[in-house]
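Same chain, two partners: chain A is paired with chain B first, then with chain C.
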Partner chain A sequence: MSTQTTPSVRTIAGIVLVFSLLPGTGSSARAATTPAETTALPIPVVTRFENFGEKDGLPSHKVHSVLKTKDGKLWLGTNNGLCVREPEGKFHCYGTKDGLSHPTVLWMAEDPGTGDLWLATMQGLSRFSGGQFTVFTQTNSGLPNNVVYGVAVIDGTVWAATAGGTGAYHLKTKSWKIYDQNNTVMEEPWCYSIAAGDGVVYLGVWAGGIVEHDPKTGSFKAYRDPDGDFQFQLTPDSGPVVDVTSGVAYDDGILWQSTYFGLSRYDTKEATWRTWVQDKTPLVSNFINTVFARGRVAWLATDRGASVTDGTSWVNYIVDENGRGVVRIYRPGQEPETRTMTTALANGFVTAIWADDHEAWFATSNGLSHGVFAAPTNSPTVASNP
Partner chain B sequence: MKSNRIILVATSLVLAGAGATVGGYFGLSAHERLRSGRPDLGFISCNHCHQSSLATLPWAKPRPHHDAPGGIVVSPDGKTLFIALDDMDEVAEADVTSLTVTRRVKVPGGPFGLALDASGQRLFVACPHQDRVAVLDTRDLKEQASIEVGVRPTAVAYCQTPSGERLIVPNSCSDDISVLSVSPLSELVRQAAGREPYAVAVSGDGRRVYVANRMAVHDKLMSPPASEVTVLDPANGRVLDREQLHSAHLAEGITQVPTRGWMLNSLVRVRNLVPITQVKDGWVMSTGLAISQEDGEVTQIPLDEANAYFSDPSGVVASPDGKRAYVASGGADVVTILDLDRLAAWLTQADAGARSDAILDMALSFRYVTARIPTGCNPKHLTLSPDGRRLFVAERLDDCVLVVDTTSLKPIGRIVLGDGGRNDPIRQGERVFTRAKYTFQGQFACRSCHPDGHVDGLSYDFDGSGVGDNLLDNRSLCGVAGTAPFKWNGKNPTLQFQCGPRFARVLMRTDPIPPAQLDELATFIEHLPPTRTIPWSRVGQPLTPVEERGRKLFYATQQTDGTPIPQALQCQTCHRPPLFTDRLLRSVGTQEVRDPKGLFDTPHLIGIGSSAPYLHDGRAKTLEEIWTTYQKDDKHGVSSYWSKEQLNDLVEYLKTL
Partner chain C sequence: MKIFELCLFALVAAAPTAPAAAAPADAAGGETSAALPAAPAEAQSSSATPASSPRFIYGTPGEKYPYYAGLPKELLPYNKVEPYERFFITRMPFRGPGRDYPPPPDLKSLRIGLLDSPKYGPNWERSVHTREGVVLAMEEANRARPPGQLPFELVEREGMAQWGGAANITADLADDKVLGFLGTIDGAEAHVALRVTLKTEIVMINTSDPDPSLTETNIPWLIRVFPDQRLEEAKLAELIVHKFGCQRIAILREGDRYGRLGVHSFMAFARRLGCPAVQELLFKPGDTDIHHQIAAIKDSQPDAVFFIGEPDDIGRFVKQFRQEGIQARFFGTNLLMDGRFLQNAGEAAEGMMITYFFDLARKDPLWVSFVARFKERWGHEPDAFAAYAYDGAQIMINAVQRAGPNRWRIRDQVCNVDFYQGVTGWMRFDAIGNNISPVPVVRFEHGRWVFEPEPEFTPSVAQQ
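Right after this comes the complex of A and B.
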């Protein structure tokens, strides 16, 4: 589930896992058959985690969302307010006393034009601009419902995914449009996520798959699970894995769908689908809270850790029963490689991820984690489609 | 025999006439009660509901136009003054030496705000009547380019940034700010502002732009309001800060002070939560300046004196050496001069508590106010020559620009633009409207609560006893002609009655406005046209599908499932077009413990989109809240069957009225 609209390909190709930074190679995990030092991965690899919690100034152990804005500030949506990480590393937090509509900030989006921050909360949509909050609720505005799960700002329109449909707030006319089961192809009004495509908007609909909307033509198109079953995947790679969408994310022509029953990827240029479920694929867990897209790479926030994949290679980060960090690497045509890390995610239940070419930030149910990447050792290449 | 027949016929006619009259009386009364749903209603005239067309109203008829100066700006060489004449759709050029107008050109759209580029070759003109900014070549005053911005731009500022030349345009009716690049002329960002962004100033280093928002807003009923100064980075339009001016409104002038890093913002300190009868105790309004310092600290200081007020401060300008500031008081016909060295000295020695309370201390102003220069009627915009030696004062209702020698503080002369409209009763009424002399010690004018005849967004405590709280929402005077009776309780049958002796004695605590001036005041108010709330590009265009759905909902006679809506509860019954009021008292379930009665005058809806807050005490901050939060048992129309989409449709339609 990404609100980023940066179109450029930022594939972190050619990053080599520098195992010298990963002591503990003699752990119980099996050794890789191919030395990792010589094998390039087309996806970024985290070498260590730095964790932050309430002792560091976070107002809650539970972090729902994380976003780094264009000005370099890191924003956290927590269970108890909005936080920004100051340059010196301290967290400054805002709550309802400052005007935030509700302490629980589920998702955040930056308006690329104005730099304003839009916040999806459990009770309304908040705009943070110039240090002040403006609150939009279902009673004081055209917002469809106060429970706002996702938000994105796309071409001067704020899209709010709510429990009562998706609301589109046009920033110049200040008018609202509501998209729900009454006027679109979605069968349910529960919208969880918004993503900007190339000229279209993707709505992640809980129990309704993905709805593609073209604002210019006003048209809607639904992508639904072909077999209609969420327990068994009867028709893999032919559509969304299930209709229970928890998040959508789009970049570089690739649309990702996270669900509680697996992962889907839609190549909009090739019009091809690919689906993954745990046990049969490297997917660390079927229970995916959100997905973040950057280039052709997806970062998956799951209940059992985090995954990063381009659809071919995978790197999974989990926390074992002893609290140690474990990284599992899947290369095409090779046996998976498992290593322990000296550091681990703050918690295995990951709620959201933000990443760029240099770092990744993980919102978890027990703190915030900063993932430091291995240094790239060869020139970037574009990952190929599977 | 013949005479008997005549008597018989005459008697029959009289009886028939009397019968028809009596029958008509009762018949019409029954009709009115049936159609209005008001069984308690006595006989009322037919035109309560069956109104004539809007074209017959005073504001719809042609009226005289005047050479009222709006924004003024001096060329970098100090030789030329450019003057915006919004009522004439013109920009004038005047020679500063001879004090004569040298050229006038047509600039459609009510040119009001002006700015020059650094070289003085391009004049940028904000045109609020057509939502655009025009670019004029100062050599021939021909329009070179134009760009659409938000609704009703009132000012424009030019600045150079590392990213290129920028124009910053506050759009007063759409509550946003357009950030434009000059080459090419395009809108980079339209940034949300406070309520009614009105004036703009650039910091000395060009890295910050300050936009003064004229209206204050309050978080909730019975909470003090605050207006906003929106601070932007002009290079990219990002909002850097939203400074709050607590309990301040009508903040419509702003300037930067060279060498000090200050911004000065003229303001009215308003105490709307105190009974307005306390005017004699200095408790309604006072005037001041907000000083925004580089560290973000804002200090409000008074401009008034203990027993003399200088209402409606507007234009403000600082001398190039940063030693002096000038503030125009539009309601007092005065320009106040401040010694900024003395002000800085006071600020330096004052502790935080003293600075916080400064605005309340009327005795403070003697420390820094050094002079007050009398002006013509309604001084508004100010500007200084580049060397600071000449001050130009736009005397808006005299159609003149006063020129003052800043060394001697003596007037040099005037640039005469027109005759002042002395024979125009509308213009004379506007003078009454803007003058504060009709209130106790000149605390405020009609305009202080009704800028441009519209609303200030506040609710005022009108408790006649002088105690307690009885908030009443301020209602717009724009488009008010034909909507009598007035006041929320509908007790005033005419504007003359509304603004007459009782109002003066009880609320203004001063002598009544003389009858002749009162008539002129009423004439001016009746000629105030409704406020345009939709973009100029939408004027005359058909309703959008959303608005059309809202219109159908407004005129609905049955619910979605076919259930009839009682006539008395149909929107169109009370808000009957073309004025969208039947001018009757109604109960819509909004009576609270503070309200002696539950019947309130049905407000007209023309321009309703820009007159928030709503309902009689202003409890509804938005149109949506009328039905989502304050609707009780379908007493304010039948809304219980509406979906959220239908409510949104209705709101979009109402915003087009």
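Right after this comes the complex of A and C.
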């Protein structure tokens, strides 16, 4: 659901795994033949996690969404309000008493033009601007439904994915347009996620796959599971893994679809699909809550930890039964390498991720995690698509 | 039969009968101390796991379950090839935290939500019956609560007749701090409610939505006690093609979501059995003039007609079909077991074959006792909607009693039931929480509905 207009990561490549940065990682189930210390990966690698929870001032154990805005502020959508991390590390939180439409903030987006924050909540869409909240509901605006799962600001329009369709709010004209089963290719109007493509908008539709909309032409195109059945995936790499979309994200020509059945990737330039399911691929779990794209890399928030992949190499972060962090690395043509970490994600049930070239933030069901990357030890190179 | 189920079933069989004085609670699937079925592994870690009814048989996480509702291979899609990946083989766990969270502060009752259907729609009457079943279960549970324990409280929300309305209501139920909720009948509403449950982490038991795709979303916060349309239509397709040898099947269905989803499975099954439908025509609910559809179906010379729609509509159409001289066998869904169908169809109802969930005239003690108590409470006999609602509420109540006021442990209890013997009979839950117990065939014969004999469905039969 990357709707950021910040420069995508194209200089992440070449980050080297420096496990010497990880004291106490001696015991491992390592099977790789190539020493990890010298093996470069074209995707960022987290070497340690810093975790934050209610004891640090978060108003809820559950964090639904995380976003770092252009001004460097870190915003959290929690089960009990909107929070911003102050420069000194404290969290300042806003709730319904401050004007937020509902305590549960499911998703956030920044208006790149104004810096306004748009918030998808369980009871309406809220705008946070200049310290004030403005609430949009289905009774005071053209919002299709009050349960808003996703939001994005794209070219002067706020797109809100709701349980009753996608609402598009034009910021200049202050007019709304609703996209649902009556005027698009959606069979059902249950929308979950929005992503900005190159001149198009992608709608992640529950039971409807992905709908591509070109606002200029007004056209719609659906990407659907080619076998048409939820019970199985007939063949891999043939289209969306399933039609129940939990999230979409786009960057650098690559469209990602997260589902509760696996991961799909569509190369818009080559018009080719790839899919991953757990057990047959490095995907850590089929149950992917959301996906975040940066460059040609996807960050997957799953119920069993986080995965980072460019489609070829994978790094999975899980929390084992003893609460220890475990990192599992998959390189093409090599046996996977597993190591324990000195730190772990705050919780294995990851709900959302935000990342840039320097760090990653993980929203989890039991707190927030800051992923500190390994320091690059060689000159960055452009990540290549496998 | 798997070993653990053998053991559990032995416990079930060995459990002493509760005394008559405890009949309401016991007949309702209430608690006894006679046997303690294995709780799900996740739930066993909790400290609040009291003794439970022997009618609950729990599964083991990671265990394999019947694929595609346990239907015959010839009915499965692409059944001549092995798909790259099969889903819904094992039960989806919930891997998030919560099971060790303390109870909500200042708890004064154990709140269970009920999402009703919108008033005035075709499902309203069914929703009223659903509510009656739920209320009866709650009242009985409260009477059986030992002194000093928190009572159950029903939090009701009426549905809204608009797309997505149930999402708002489900969010409200979360704000109302319910521990779980039941409902609803309408497939679209159930879907949007389910999506919210994943965010709010409140388990949902659906007691009356037949949409097969509801549970196919892989969200581990739902079970459905109501057999879905797929089970009905597989049975009907086999009946039409295999038993009666029909070759030319015509379909007349409602043009709404219920009809669209309902026909989807049937047409696929018929095609896989070698008899793709020769006609599929639509009508709007309330239509009176369908002579174009009748003419087209008559021209197609069907030997079977499958009707999907509300009973008053179908009753009217069946009569018109016979009046137009269509001699084909007629088939329909469970909705036709309704006085409105018979009233409108008149003599044309004779020979209609449908599927229904269980025989309402059953004489087994659980059902007989339930009917008596229901009639005493509400002044009329229960239908299937009331009965499944009662069973669904019982599963929820039992889960709350076992798990305590913790939504995540309640989820574990609800979503790991393998078998449950309710007033509707034995239920068998698949990996995604569908009750896949077989549905019997019913024929309207000499002025009454006659259930075709079916072997008794029990956990031991289900394992064969």
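One rule holds for everything that comes next: the second predicted complex is superposed on the first by the 373 of 386 C-alpha atoms of A that agree within 3 Å, B and C clash if a C-alpha of one lies under 4 Å from a C-alpha of the other, contacts with A are read in each partner's own complex, and residues count from 1 in each chain.
Methods note: a residue touches a chain if its C-beta (ideal position, glycine included) is under 8 Å from a C-beta of that chain, and two chains touch if they have at least 3 such contacts.
Owing to the predicted nature of the structure, the values given are computational and were not obtained by experimental measurement.
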| item | value |
| --- | --- |
| Clash-or-fit label for the pair chain B, chain C on chain A | fit |
| Partner chain(s) touched by A:247 [first = chain B, second = chain C, both, neither] | neither |
| Chain B versus chain C as contact partner of A:127, first or second or both or neither | first |
| Chain B versus chain C as contact partner of A:115, first or second or both or neither | first |
| Partner chain in contact with A:61 - chain B first, chain C second, else both or neither | second |
| Partner with the higher number of touched chain A residues, chain C or chain B | C |
| Which superposed partner A:208 touches (first chain B, second chain C, both, neither) | neither |
| Chain B versus chain C as contact partner of A:144, first or second or both or neither | both |
| Which of chain B and chain C A:164 touches, first, second, both or neither | both |
| Minimum Cα separation, chain C to chain B, after superposition on A (Å) | 8 |
| Interface residues of chain A shared between complexes with chain B and chain C | 144-145, 164-165, 180 |
| Touching residues (chain side chain A, partner chain B) in the complex | 71, 113-116, 127, 129-132, 134, 138-142, 144-145, 156, 164-165, 171-178, 180, 182-183 |
| Contact set on chain A toward chain C in their complex | 61, 64, 102, 104, 106, 122-123, 144-147, 149, 162-165, 180-181, 188-190, 192, 206-207, 227, 229-236, 242, 244, 260-262, 277, 280, 285-287, 303-304, 347-349, 365-366 |
| Interface residues, chain C side, partner chain A - complex | 67-68, 77-78, 81, 83-88, 92, 94-98, 101, 162-168, 170-171, 174, 188, 191-192, 195-196, 199-200, 213, 216-219 |
| Chain B to chain A touching residues, read off their complex | 150, 174-176, 188-192, 228, 230-231, 236-242, 244, 535, 546, 621-622, 624-625, 628-629, 643-645, 647-648, 651-652, 655 |
